[in-house]
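Both complexes below contain subunit A, partnered by subunit B and then by subunit C.
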Partner chain A sequence: MTKRRTWTYFLPYGLWLALFVIAPVALIVYQSFFDLGHHFTFSNYSTYFQSATYLKMTANSVWYAFLITLFTGLISYPTAYFIHQLKHRQFWLLLVILPTWINILLKAYAFIGIFSQAGLANQFLTFIGIGPQQILFTNASFIFVATYIQIPFMILPIYNALDDLNPAFVNASRDLGASNWQTFRHVIFPLTLPGVKAGVQAVFIPSLSLFMLTRLIGGNKVITLGTAIEEHFLTTMNWGMGSTIGVVLIIAMIIVMLLTGDQKSKGGTPR
Partner chain B sequence: MKHKFANVYLILVFLILYAPIIFLIAYSFSQGETMTNFHGFTWRHYQTLFSDSRMLAIVANTLLVALLSALIATLIGTLGALSITRTTKRVTRESLLALNNVLMVSPDVIIGASFLIFFTMLKIPLGFGTVLMSHIAFEIPIVVLMVLPRLREMSASLLDAAQDLGATTRQLLTQVIIPFISPGIFAGFFMALTYSLDDFAVTFFVTGNGFSTLSVEIYSRARQGINLEINALSGVMFLFSLLLVGGYYWIQQASHKRRQRKREVAS
Partner chain C sequence: MTEPIITLRNVTKRYDSHTILKNINLTLESGKFYTLLGPSGCGKTTILRAIAGFMQVSEGDVLFAGKRINEVPANKRNVNTVFQDYALFPHMTVAENVAFGLTLKKVAKDEIAQRVAQALKLVQLADYGDRAISELSGGQQQRIAIARAIVMAPKVLLLDEPLSALDAKLRRQMQYELRDLQQRLGITFLFVTHDQEEALAMSDEIFVMNQGEILQSGSPVDIYDEPINHFVANFIGESNILPAKMIADFQVAFGGHQFECADAGIPDNEPVEVVIRPEDLTLTTLDQAKLTVTIDTQLFRGDYYEIAATDNLGNAWLIHSVNPAEDGETIGITFRPQDLHVMRFGEKEAEFDARLETYEELEDDDVDET
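Here is the complex of A and B:
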């Protein structure tokens, strides 16, 4: 009796696992072996690995995701470190989280205004004497906005790692005569590395797949894996090729997760 | 000296974090038509927004999808968390957790594309139904992750005591387990709600023609250029997210205090 009850409780969740977790992943792999005429083929993969355009696009996408992750990390680590030393740190942390609750498209839209021909950024450039520049629809603006959006997702896990750090280690290091820099380099940073890894995981994978930013801010100059998938699925309707790129993205994701170790992510997930 | 540097650095970071949001909302009150020069105060764009029946219908759609999907996802996710904790084999539990997290780490584009293939194969017409199902699907894992820690905190002796006192399985669930894990359930519901309101990519794939949510609508309007009605919309949405964040932290705080009080009583 009890056993059967338990089963009915599990049923909806089990159905969800089967239909929306296992089936879709299987389907995207399955679809990648079909061409436009619904024939079974390996041609999508051979096209992908022989085409300079696809390989260059993939390399570009990885390179941009790397740059975005690097800049996000360089800005976020000191921020998390300094916030951790503040008095009302919980309040400041809340202020870091708050922007993530604002729809990502509205943030992108704000930058269309800021980076436009007569926008705030150009007014500033004119004010300091450089004069107006084309900012919107450049690779730099794409990296800037992507970094802006990802910063909170990097700060959170690093902050948590700093919070978990036992202050006794830092004190011990100082007592043994280490300078501030030595303490940071040999004690604090290595011990908070799991947080950095979790942050890299939370930033790098979404950066590979951002597609509305490449449209709205990058002006289609940067094509990420995400943009390519979206285009194949919704514009050219070549689902087979789109799925093939999807499988490449899934493999890239698994590689990143293996490289960053099996850290429990402590921050939120970007959306 | 070092202290000063830290402060300047933090001020700069927070300035960059908040400047776009403040900029966006400030221009919702500008009399002009672009986000370039502030032309004096007006409520006009808010009036346009509130008389734009298409936009209002989309707001209603978005809220309906968010509330409905969050409710269903909370129900299924809570049942899922309960079944995960009841598994006796370590291997089963670990693999269930791994499967649970697949949708948490997958890029949105992959989720959207694979759901699109899934719905097309089953010949389900794209629209409200598919958007709702997709939202439920990607909200379930976060509910599970919010409920599980509370379930782990629950001591086995509590359940044994209830059973020794003659509670049936049903009573055990509704009168002991659910009240104990309710903070986790509420947290899960709020997270599910924000995931739904925030989502763009997945919805974009499975929405088809005819049905739209706010994110998709903002995307198509933003591609056409600046329209201060969107600024007014962001003003409203910012206020709404402040309320949501406030509500979420209030619930967390309240449950935290309740727990502390209980601990004081117990000791």
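Here is the complex of A and C:
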């Protein structure tokens, strides 16, 4: 009786899940086994894994996603740590979250303006005597903007992990003779690692399939898997191949999830 | 008298306009078991934090073995803390937790192993080194927290309500173990609790606190038998507190009668309060009664009956009696002069001690004359 009732509460989202998550994934997997002539085949997969272009693209995607995640992490952890010490932390956190309310396309266009030949960045470079440089459509600008966009999604889980950290652990560590740095290294960082992992999931996986930024900021010099999927579905109309890359991407995501997931380790880690 | 290991001199702590500690003075000698006792929010944990170094005092000095340590950071102080919620590092094993402080100190590996094993043995968890913290029960975590602190061989061990999360039976057992541990190690323990029973059972000396002040300090027996004021009498043990009037030395009036008592040095006719512990009251027949009461209710407590009664002036009485009474029965109660304790309003501890000294000498003189 009660069991059936709780089930009905789940119904609206269950439908959503079935229609817009499970069905599309099933469709992608299904499509990936058909070639352009709508014949069942494994050729898409064999093409993918035998083509140097696709493999390089995959490596590229992973490499750039890794770089974006790394830079995001390097900036986000100290920032989250710093904000957590501040008096008006809710306010500062709001400032961090604020950019996420603005559409990613708008932000991308804003950066096109800033990085363009006559943009603010080049005006500044001219002013200090370096002269205008090609900033837009470089790999560096792509990583810069992607990092900028991803930072809030890394700061939030780390901040929450820091917030959940019982201050008694820090006191206990100090009490046992640890300096600030030792306390951070042996207690604070290991105990907030779940927040970092959540942040990595939230940043690395979307970064794998970034395609808007690669075109607008990266000038299509960096071709990621996301770009390839878009091209296959919208330009070459090879849905089978696009789906295959999609499946590869989904598997990559699952692997990342497993790697960063919460393994219930038994006690301490040997050093 | 051994030299003081910890001294707080005129320590005050303010947060904004809020005063948490008001001019605290206390001295801890080495090798004794001290307890800070008081209701929550009285400032007892704040004192502990000031000694541990987690907090800076606003005024006054914190001294360790005669040296001022106000500015010494927590990690450089030779005191260790057992935290209320234990604060065992969940990402380390039991042995790694206990070894944490020694590892930081770069103690040799085999010495660490040996000292960790010894500490674990001391808290009777010798075989638990490889366990995860989450696998331990509350009582076991408690012991590991103690082991992690004592392995550092501190001069002073600070314990912040360490037993509050344990069930009643385990708490009693841990009281014995803590007391035993303190005596074996000879470390000064400063124990913080709001549980008067715990304080009375374990301490050499108790500091009773309320609203940021130390109201009274002394041995458990002194504090129980001679509470300085209404708050202390009420907080420690159960008590009957009645408004009274001092007639003369060793004569006090309450409940419409005059009684012999053991207190003196108070001006005649001063309004005072009298404390009588429920276990000092004896039920008796009406002709032998010092006071007559009517029984309201009684509860069987196992080893005694807790009887609530009212006298003819409407004062409520709490009596602990081995024998039951009848509800509604009118019965006599009696007590000895030394069971009465007179408390003056607003008397400070120093004045109280000085007054006690004057007439206790007087009593000694009486003895000499006879």
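Here, the second predicted complex is superposed on the first by the 243 of 271 C-alpha atoms of A that agree within 3 Å, B and C clash if a C-alpha of one lies under 4 Å from a C-alpha of the other, contacts with A are read in each partner's own complex, and residues count from 1 in each chain.
As a convention for this text, contacts are C-beta pairs under 8 Å (C-beta built on N, C-alpha and C of every residue); 3 or more make two chains touch, one makes a residue touch a chain.
No experiment lies behind these values; they were computed from the predicted model shown.
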item	value
Clash or fit (per the criteria above) of subunit B with subunit C on subunit A	fit
First, second, both or neither for A:V62, with subunit B first and subunit C second	neither
First, second, both or neither for A:H186, with subunit B first and subunit C second	second
Partner chain in contact with A:A108 - subunit B first, subunit C second, else both or neither	first
Partner chain in contact with A:S173 - subunit B first, subunit C second, else both or neither	second
Touched subunit A residues, subunit B compared with subunit C	B
Distance of closest approach, subunit C and subunit B, by C-alpha atoms in Å	16
Overlap of subunit C and subunit B interfaces on subunit A (superposed complexes)	269
Subunit A residues within the subunit C interface of the complex	166, 168-169, 171-179, 182, 186-187, 190-191, 266-269
Touching residues on subunit A, where the partner in the complex is subunit B	2, 5-6, 9-10, 12-14, 16-17, 19-25, 27-28, 31, 75, 78-79, 82-83, 85-86, 92, 94-99, 101-114, 116, 118-120, 148, 151-152, 201, 205-206, 208-209, 211-212, 215-216, 225-226, 229-230, 233-234, 239, 242-243, 246, 249-250, 253, 257, 265, 269, 271
Contact set on subunit C toward subunit A in their complex	52-54, 73-76, 79-81, 83-85, 87-94, 96, 100-101, 104-105, 130-133, 135, 148-149, 152
Complex contact set, residues of subunit B against subunit A	6-7, 9-10, 13-14, 16-21, 23-24, 27, 34-37, 75-77, 79-80, 82-83, 86, 96, 99-100, 102-111, 113-118, 121, 133, 136-137, 140, 169, 194-195, 197-201, 204-205, 214-215, 218-219, 222-223, 225-226, 230, 233-234, 237-238, 241-242, 244-245, 249
